[in-house]
Amino acid sequence: DQLQLRDSLKMYNSLVERCFVDCVDSFTRKSLQKQEETCVMRCAEKFLKHTMRVGMRFAELNQNAPTQD
Amino acid sequence: MASPSPIPAGVTKEQAFSMAQTEMEYRVELFNKLAQTCFNKCVDKRYKEAELNMGENSCIDRCVSKYWQVNGMVGQLLSAGKPPV
Amino acid sequence: MASPSPIPAGVTKEQAFSMAQTEMEYRVELFNKLAQTCFNKCVDKRYKEAELNMGENSCIDRCVSKYWQVNGMVGQLLSAGKPPV
Amino acid sequence: DQLQLRDSLKMYNSLVERCFVDCVDSFTRKSLQKQEETCVMRCAEKFLKHTMRVGMRFAELNQNAPTQD
Amino acid sequence: DQLQLRDSLKMYNSLVERCFVDCVDSFTRKSLQKQEETCVMRCAEKFLKHTMRVGMRFAELNQNAPTQD
Amino acid sequence: MASPSPIPAGVTKEQAFSMAQTEMEYRVELFNKLAQTCFNKCVDKRYKEAELNMGENSCIDRCVSKYWQVNGMVGQLLSAGKPPV
């Protein structure tokens, strides 16, 4: 479960990086602007929902693992 | 074909544990790459809303399915070419 | 909100050490991703000179500040949605 | 050799990711189409041959390591 | 500090990769050309200065950690 | 200049082992990045055939050689600027 913690921290860092890259492009101020914040929140929520969905599908495939396709 | 190598007979408990850990790291990395890749392929990056829409959801399901197949194909190619690791 | 999880009470010394190491790995990765990302956002890739110019320097400072804020926002979102890890 | 196993698994995951990204772009069905399969197989073979070649060159350079260039 | 060594090696590898990708694009010879060398040196110096600056800012933010933004 | 740091004298066996492992991880990562980068620079991504053609092969050889040189240059720059790690 130490491994699991490490993984979730890795996922966390990837999420932050992705949402920052996709949402923040102006560096004329040092604070996030309103629309950047909105973008980051949506990005993060979307990514979490995506990850949960992928997790479900992935678990299904792993159960029927020995033979697939 | 998803798991790249079954644990061979006659290994010590320590080795088995270490192998199981490696196997798990492999699965975690597979999952992470799959998740990142399907997000890139399927999700609209303009983030107009916080929900995944129907098109995105069905794209994700198919993406996972296809990624899994590619994973299996590559596994077969590798195990055909040379003895298991 | 920068650190994702405080060390809970009642853990063994070994566990605490292991957690501290994981925490540190997390910070190192955060730093590396931040550094790579801000380099991509702020630095001219034609490399006409070996120095960072004034525009690049102030872009970097703001980039670090904004990245830190995004890190905090995501931390809050995650800790709001579910119990700490 | 545990390390080696881990590496080859890492390489394996990168190979799968690369060939998937380069070859699969349509998500109207849940199964790979024929031309996607062909593309994946060629991609994988090409990447393996590439890796072997790089490995040979890399080994040569490592042997003459102390001074190079 | 073993961890620190490993990190600095990781950083080193990323630096080499980045400067190679950004500066080397012609493969008609097996040796670096003069302008490629210049580009690599500037890239490496710039990246190191960048990393030091980010490190300073990062340390400041970590000190005021509990509350930010 | 390829290896970033020779093992200094007067270290325990455990430390030496740990260093050797770190050194090896470094080489593995160097190799992986080199392989990925040269594939990107040299190989046609349309995958019209399963073989590397002559142009790709000679591009790969030169790419490896140049990557190695860049690795050496960066090593020299770092060891010139500050004492070895």
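Letters are used for the chains, namely A, B, C, D, E and F, taken in the order the chains are written, and counting of residues starts over at 1 for each.
The rule is simple: contacts are C-beta pairs under 8 Å (C-beta built on N, C-alpha and C of every residue); 3 or more make two chains touch, one makes a residue touch a chain.
Per UniProt, the chains are B, C, F = Mitochondrial import inner membrane translocase subunit.
What you see is a predicted model; the values in this text were computed from it and never measured.
Q: Once the contact rule is applied, which chains count as partners of both chain A and chain D?
A: Shared contacts of chain A and chain D: B.
Q: From the centre of chain E, which other chain's Cα mean sits the farthest off?
A: B
Q: By mean C-alpha coordinates, which chain is most distant from chain A?
A: Result for the farthest chain: F.
Q: What is the distance, in whole Å, between the centres of chain E and chain F, each centre taken as the mean of its C-alpha atoms?
A: Roughly 15 Å, centre to centre.
Q: From the mean C-alpha coordinate of chain A to that of chain F, what's the distance rounded to whole Å?
A: The mean C-alpha positions of chain A and chain F differ by 30 Å.
Q: What is the distance, in whole Å, between the centres of chain B and chain F, each centre taken as the mean of its C-alpha atoms?
A: So the centre of chain B lies 27 Å away from the centre of chain F.
Q: Taking each residue of chain B in turn, which ones touch at least two of the other chains?
A: 25, 42, 61, 65, 69, 73
Q: Could you list the positions in chain A whose residues touch two or more of the other chains?
A: As it turns out, chain A has residues touching two or more other chains at 10, 14, 23, 31-32, 41, 45, 69.
Q: Answer with line, ring, star, complete or other to describe the graph linking chains that touch.
A: ring
Q: If contacts are counted as defined earlier, which sequence of chains do you get going round the ring from chain A via chain C?
A: If we begin at chain A and move toward chain C, the chains come in the order A, C, E, F, D, B.
Q: Taking the complex as given, what residues does chain C use to touch chain E?
A: On the chain C side, the touching residues are 1-3, 21, 24-25, 28, 31-32, 34-36, 38-39, 42-43, 45, 47-52, 56-57, 60-61, 64-65, 68-69, 72.
Q: Which of the residues in chain E come into contact with chain F in the complex?
A: Contact set of chain E toward chain F: 2, 5-6, 8-10, 12-17, 19-21, 23-25, 27-32, 36-37, 40-41, 44-45, 48.
Q: Okay, in this complex, where on chain E does chain C touch?
A: For this pair, the touching residues of chain E are 3, 7, 10-11, 14, 18, 22-23, 39, 41-43, 45-47, 49-51, 53-55, 57-58, 61-62, 65, 68-69.
Q: Which stretch or stretches of chain F touch chain E in the complex?
A: Of all residues in chain F, those touching chain E are 4-5, 18-19, 22, 25-26, 29-30, 33, 37, 40-42, 58-59, 61-63, 65-67, 69-71, 73-75, 77-78, 81, 85.
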